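Below are two complexes that have chain A in common, paired first with chain B and then with chain C.
Our next item is the complex of A and B:
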């Protein structure tokens, strides 16, 4: 008998925030503000330098830091699995438009900054990150914006990504159940309706709890 | 029963998402006309139902329905299998019920006048012909769920999978929905598998499966399985 097609794998539910690496290395223990400052410094350096040595060195530095802080590399590199399509497209574009060396530099620059940010998220509790965000947003007060409200909006947005991913998958299945796999409207309309409903429900639930900022 | 429907078979089935296991069914044959699936939230009911028509493909093992492998012949299988989800609004994609039912028929009925007639006939058969030209998004949830049923029944499915179809409906609408499914089941000899938290509805099946923690933990006579569910839910 002919071998059967391999079953389509079921992607696991994604979580953007709140996936902490196990353990309690030095990064887990350092204050969130310091880590954010280091990340900003590191990112600025890599972006400004635009040197192959600095960018590639940045990637290595992040990996070494992760090892030293006892963060499993598997969790850090999980980011690449999520973004592989984007990275492939970027790599292809670079090869088309630039010479290979510049392409490699651009790619390692992006990787270094993304991985460093992932390292921060993996070793910092969401509540601490929110606290830092509020401090950073404080200058917005001059514009009449409440930092806590902006921080809450950011939090809700991040939280809704896995929800929307679920909705997207569900919409695809609902379309497939009716044999409408190729029907764009059937695949997207339930997602849009679901997103609007979710936003409305989240807003109502928060205001019912009297929460309008964090 | 004159016509014995072909079995739905599960063999060494495991469904994984990433590292986690959602469902495991080593061996199961379903031959009854009316089956109910009960169990706690997150137990694996939806996953089981979606395995039957290949919306979820088994990571390991095989599922076959009416002799069709759900991985190899998924599309073909879904043409003779209807699925109704629990959220009424999210299943309708066209402006009016009539157009939505026509959308289902687009592949099977080429002629548009004929398609319209068939769609109208299905709506009439379900007693909702009056809704044909209304705006789908303005219908009540109960009406929307009947339209969702129409979009599925118009293709004359042999198997109908209902995933908590009445969970979001009030008593009267739930009763109307269930009654319609019953009569269609008899009239067109449709096999139904219903996941539900309505134990009365579950009890009306010929066979009940209790799915919890990603396993079929009990199955058989509805009353016995429901009693087992009550016992394990109330500790």
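Our next item is the complex of A and C:
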């Protein structure tokens, strides 16, 4: 009798959340709200200044901070590997349309702000960011917005991302198996229906736990 | 698609009873908002997929936004897209290319991102009127109009403005860069409209009978 073929394992999905730098430097320990505020300040400075010196200095500052906080530079610069195509296109465009100095400023500005944000992500847990969002939304209470419920929706979102990412990959493989890998509808419709179903189940689970009575 | 008359009379067994909480958003809406914000994120970091006989690669980020508006209606669509943008700006790596943080405000896609909630709102306003008033056979074309209207009124003008400001180029050059996205936009709006029409038929509890 022929041995049953073992199913081929699915390739691992790209990890989105929880990509946290190891270690326990000062950035890991400082509160998330402070880091978000610093990032906002830094971005605003670089955006307002629009000087090549400031932006380039910003890149250096981010790299030095990463070193001081024991964040591996390899993890920080992994961002460039994912965005290199965008950066190359931007560089070409700037050389075409602008003078080199403006081009250098635009590129270093984008690099500095993206790397600074990456530094925040690498040292902060997603749930901490949701807590920051909740605090930031507190003033909107006067408009009838409940920060607690928004935070709950954000947590539902965090939970749903890996689930939907798997659904999307499965939909792609199913479409490919039917020879429909170039059919947008075949690749996205299972994801959408899965999302609606997942939302219904989640909504019922929330109701069952008495969220509406709170 | 024709609908069987009996189908409309039998109440769907899985319609959750709507229970208004004390002035808050009902649990089902919280779940829908959270899950659709996740849907936008998942579509945003999908690699560009080749579509059609020419295999032109297109990215799916704006399709998630259109779906949020078309499926959830105006306010929950606005909330889902707003939640996505807000968490992305705070630093979650959920924008295209796993970027995140206020840094994207300095990048070329800033205008597009900030316009997403408005686009979902505009599409949602039209979509809600369509699924509640129009006959079912008109849903697909009218939902397509809803999606493309949101895109034309919100996403593209803001996107062009963002390109022009952040790359320090003229509005005309920015418009030229933006035009590249138009054919993909039409394809995505068509698909989103067809998919949303299907959801409204299969799950009327989401928007039609709300």
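The rule we apply is simple: the second predicted complex is superposed on the first by the 156 of 214 C-alpha atoms of A that agree within 3 Å, B and C clash if a C-alpha of one lies under 4 Å from a C-alpha of the other, contacts with A are read in each partner's own complex, and residues count from 1 in each chain.
Note that a residue touches a chain if its C-beta (ideal position, glycine included) is under 8 Å from a C-beta of that chain, and two chains touch if they have at least 3 such contacts.
Every value quoted in this text rests on a predicted model; they were computed, and no experiment measured them.
Set side by side, chain B and chain C differ in how many residues of chain A they touch, and the one touching more is C. In the superposed model, A:176 lies in contact with chain B only, and not with chain C. In the superposition on chain A, contact of A:77 is made with neither chain B nor chain C.
In the superposition on chain A, A:138 makes contact with neither chain B nor chain C.
In the superposed model, A:168 makes contact with chain C only, not with chain B. In the superposed model, A:193 makes contact with both chain B and chain C. By the touch criterion defined above, A:204 lies against chain C but remains apart from chain B after alignment on the C-alpha atoms of chain A. Of the two partner chains, chain B is the only one touched by A:5; chain C is not. Look at A:185: by the touch rule set out above, it reaches both chain B and chain C.
The residues of chain A shared by its contacts with chain B and with chain C are 181, 183, 185, 189, 193.
Across the interface of their complex, chain C is touched by residues 14, 16-17, 19, 36, 39-40, 43-44, 46-47, 79, 82-83, 86, 90, 93-94, 97-98, 102, 105-106, 109-110, 112-118, 120-121, 124, 126, 129-130, 132-133, 144, 146, 149-150, 152-161, 163-165, 168, 172, 181-185, 187-189, 191-193, 195-196, 198-200, 202-204, 206-207, 211-214 of chain A.
Interface of chain A with chain B (complex): residues 4-5, 7-13, 170-171, 173-174, 176-181, 183, 185-186, 189-190, 193-194. Those residues of chain B whose C-beta lies close enough to touch chain A in the complex are 15-20, 22, 50, 53, 55-59, 62, 69, 71-72, 75, 78-79, 82-83, 85, 87, 89-91, 93-94, 103-104, 107, 151-152.
Residues 14, 16, 19-21, 23-39, 41-43, 45-46, 49-53, 55, 58, 60, 63, 67, 71, 79, 83-84, 86-87, 90-94, 97-108, 166-169, 173, 177, 187-188, 191, 194-196, 198-199, 202-203, 205-206 of chain C are the ones that touch chain A when the two sit in their complex.
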